[in-house]
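In what follows, subunit A forms one complex with subunit B and a second complex with subunit C.
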Partner chain A sequence: MPVGLVIVAHSQRLAEGVREVALQMTGGSVTIEAAGGVAGGALGTDAEAIARAIAAADSPDGVLVLMDLGSAVLSTEMAVEMLGDRLQGRVVLSDAPLVEGAVVAAVEASIGRSLDEVARTALDARQMTKVKR
Partner chain B sequence: MGNSDAITLEILRRITEVMRENAEELTRLDSAIGDGDHGTNMARGFNAVLPKVEAMAGQPPSALLKTTATTLISTVGGAAGPLYGTAFLRAATALDGKNDIDERDVLAAFEAALEGIKARGKASPGEKTMVDALTPAVDALRAAVEQGQDLSTALDHAAAAARTGMEATIPMLATKGRASYLGERSIGHQDPGATSSYLIVQAIADVVRENSG
Partner chain C sequence: MTEARLTIANPVGLHARPAALFVRTAASFQSAVRVRNLTRDPEREADAKSILSLMTLGVEHGHEILIRADGPDEEAAIATLRELVESNFRE
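Let's turn to the complex of A and B:
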């Protein structure tokens, strides 16, 4: 079973949009969950919703979580603690840029790479050049 | 304090009131150096907390604080959610099993809350955060308790120190949170997180004073 992915963003539409773009690369073989915004539609992140998304994306091979901005990281760290020992050790928080990281991670996960490999390649997305100078 | 559960509930009511009254001011401070939602977020969080704790009559302080924590975590939205959530959770753990809270228990709860915020935010004093209001508050509380001051006096010292700490964030350069994206432009503005932390300590001190003696 491929590594699962979770997209955490301050805006629900941002999280779902990144999920949509990343899913396009996988042929439906990878579970990607989006956790964006807080109940009522405000901008922000909700540790409980993130915990649910991680549990839904969980696979024996683990879960990689990609986040947009600072407090999304705090909420995700809290979510992982809330999930307890059950998932600890197979959830990795990625410092990758959100969009590039998610796309690269989705491709890697879809070809059956391990959590370590998916995480490392996603992080390498920081070096990707979009505009040639 | 013999009626610690009732006082805890009154403190949570007061904090909610204060967050509602100061929502605009906190948001104004946050608009200067952050994403401009701290006041709205804190008011939304405590507006969600209040009905839950009001329905918990007779339960011990630690249970009220734990419900406060889990509610803030899922409703605040910004960094303050996990940060204050962790603080209230650690305070709840420190007060676990205690129905008659004394000044040493309050000190232990404050120390645990501050340690929780520092660990969650990986923050130290001087970085223009909540920690800059709470560290001097906890230091002042500890000093007063060790000198044998009563709880109300000790909390008044803590609130005064939190205010001084909050004001001291104005010239600081932010290196944590959304304000860090502003670099040098964060200098000259009071930190909204330090401000809400001061308001919480002041609310606790006010309620305890009104219920003492």
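Let's turn to the complex of A and C:
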């Protein structure tokens, strides 16, 4: 089973949008969950919602979590703690840029790469250039 | 080794969804698959099974690429990738 992905963002629409773009890369073979915003639709991140998303994206090969901004990392760390021993060790928090990282990770996961490989390539997405000088 | 020279006809080139489809297709074969962008830099080679590597080639609409496969299923790999490119990535 491919590595699962979770997109954490301060806005639900942002998380859903990144998920939509990344899913298009996979041919439907990778589980990608979005956890954005807080209850009531306000901006923020919700550890419980993130924990549910991680559990839903879980696969024997692990889960890579991509986040938008700093405090999303804190909420995700809380979520991983909430999940307890069951998932710890196969959840990796990525420092990759959100959109590039999600797209690259989605492709890597779809071709059956390991969690380590998917995580490494997502980080390498930092080097991608889009404006040619 | 089996190879093919192909011209990329789809508007966005080898980026985004077409690049992902190309990588997924290449990765479904055992053979090593390498790509060059003959239009931009014929000396530089990318791994067709790596999305990041492939995107560094900057393959745009109208560029000519060289695909080389080496391994037990190289002919099938080239035939399938050729079909993918010639069908404009099934768009």
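Just so it is clear, the second predicted complex is superposed on the first by the 133 of 133 C-alpha atoms of A that agree within 3 Å, B and C clash if a C-alpha of one lies under 4 Å from a C-alpha of the other, contacts with A are read in each partner's own complex, and residues count from 1 in each chain.
Please note the rule applied: a contact is a pair of C-beta atoms (placed from the backbone, for glycine too) under 8 Å apart; a residue touches a chain by one contact, two chains touch by 3 or more.
All values derive from a computational prediction rather than experimental measurement.
K.L.:
Specify the outcome, clash or fit, for subunit B and subunit C once both structures are aligned onto subunit A.
P.N.:
Aligned through their shared chain, the two binders fit side by side on subunit A.
K.L.:
Go through the superposed model and pick first if A:65 touches only subunit B, second if only subunit C, both, or neither.
P.N.:
In the superposition, A:65 touches no partner, neither subunit B nor subunit C.
K.L.:
Is A:121 in contact with subunit B, with subunit C, with both, or with neither (first, second, both, neither)?
P.N.:
The second partner, subunit C, only.
K.L.:
Of the two partner chains, subunit B (first) and subunit C (second), which one does A:102 touch, if any: first, second, both, or neither?
P.N.:
A:102 sits against neither subunit B nor subunit C.
K.L.:
Treating the CA centre of subunit A as the corner point, state the angle out to subunit B and subunit C, nearest 10°.
P.N.:
Here the answer is 160 degrees.
K.L.:
Check whether A:32 is in contact with subunit B, with subunit C, with both or with neither, and answer first, second, both or neither.
P.N.:
A:32 sits against neither subunit B nor subunit C.
K.L.:
Please work out whether A:14 is in contact with subunit B alone, subunit C alone, both, or neither, and reply first, second, both or neither.
P.N.:
Neither partner.
K.L.:
Rounded to the nearest angstrom, what is the minimum C-alpha distance from subunit B to subunit C in the superposition?
P.N.:
Once the two complexes are overlaid, subunit B and subunit C approach no closer than 28 Å between C-alpha atoms.
K.L.:
Of the residues on subunit A, which ones does subunit B touch that subunit C also touches?
P.N.:
On subunit A, no residue contacts both subunit B in one structure and subunit C in the other.
K.L.:
Where on subunit C does subunit A make contact in their complex?
P.N.:
Where subunit C meets subunit A, its residues are 16-17, 19-21, 23-24, 27-28, 49-52, 55, 58.
K.L.:
Can you list the residues on subunit A that touch subunit C in the complex?
P.N.:
By the definition above, subunit A touches subunit C via 24-27, 103-104, 106-108, 110-112, 121, 124-125, 127-128, 132.
K.L.:
Give every residue of subunit A touching subunit B within the complex, in rising order.
P.N.:
10, 37-40, 42-49, 69-71, 74-75, 77-78
K.L.:
Taking the touch rule as given, give the residues of subunit B at its contact with subunit A in the complex, in rising order.
P.N.:
These residues of subunit B touch subunit A: 35, 37, 40-41, 44, 70, 73-79, 81-83, 85-86, 120-121, 176-178.
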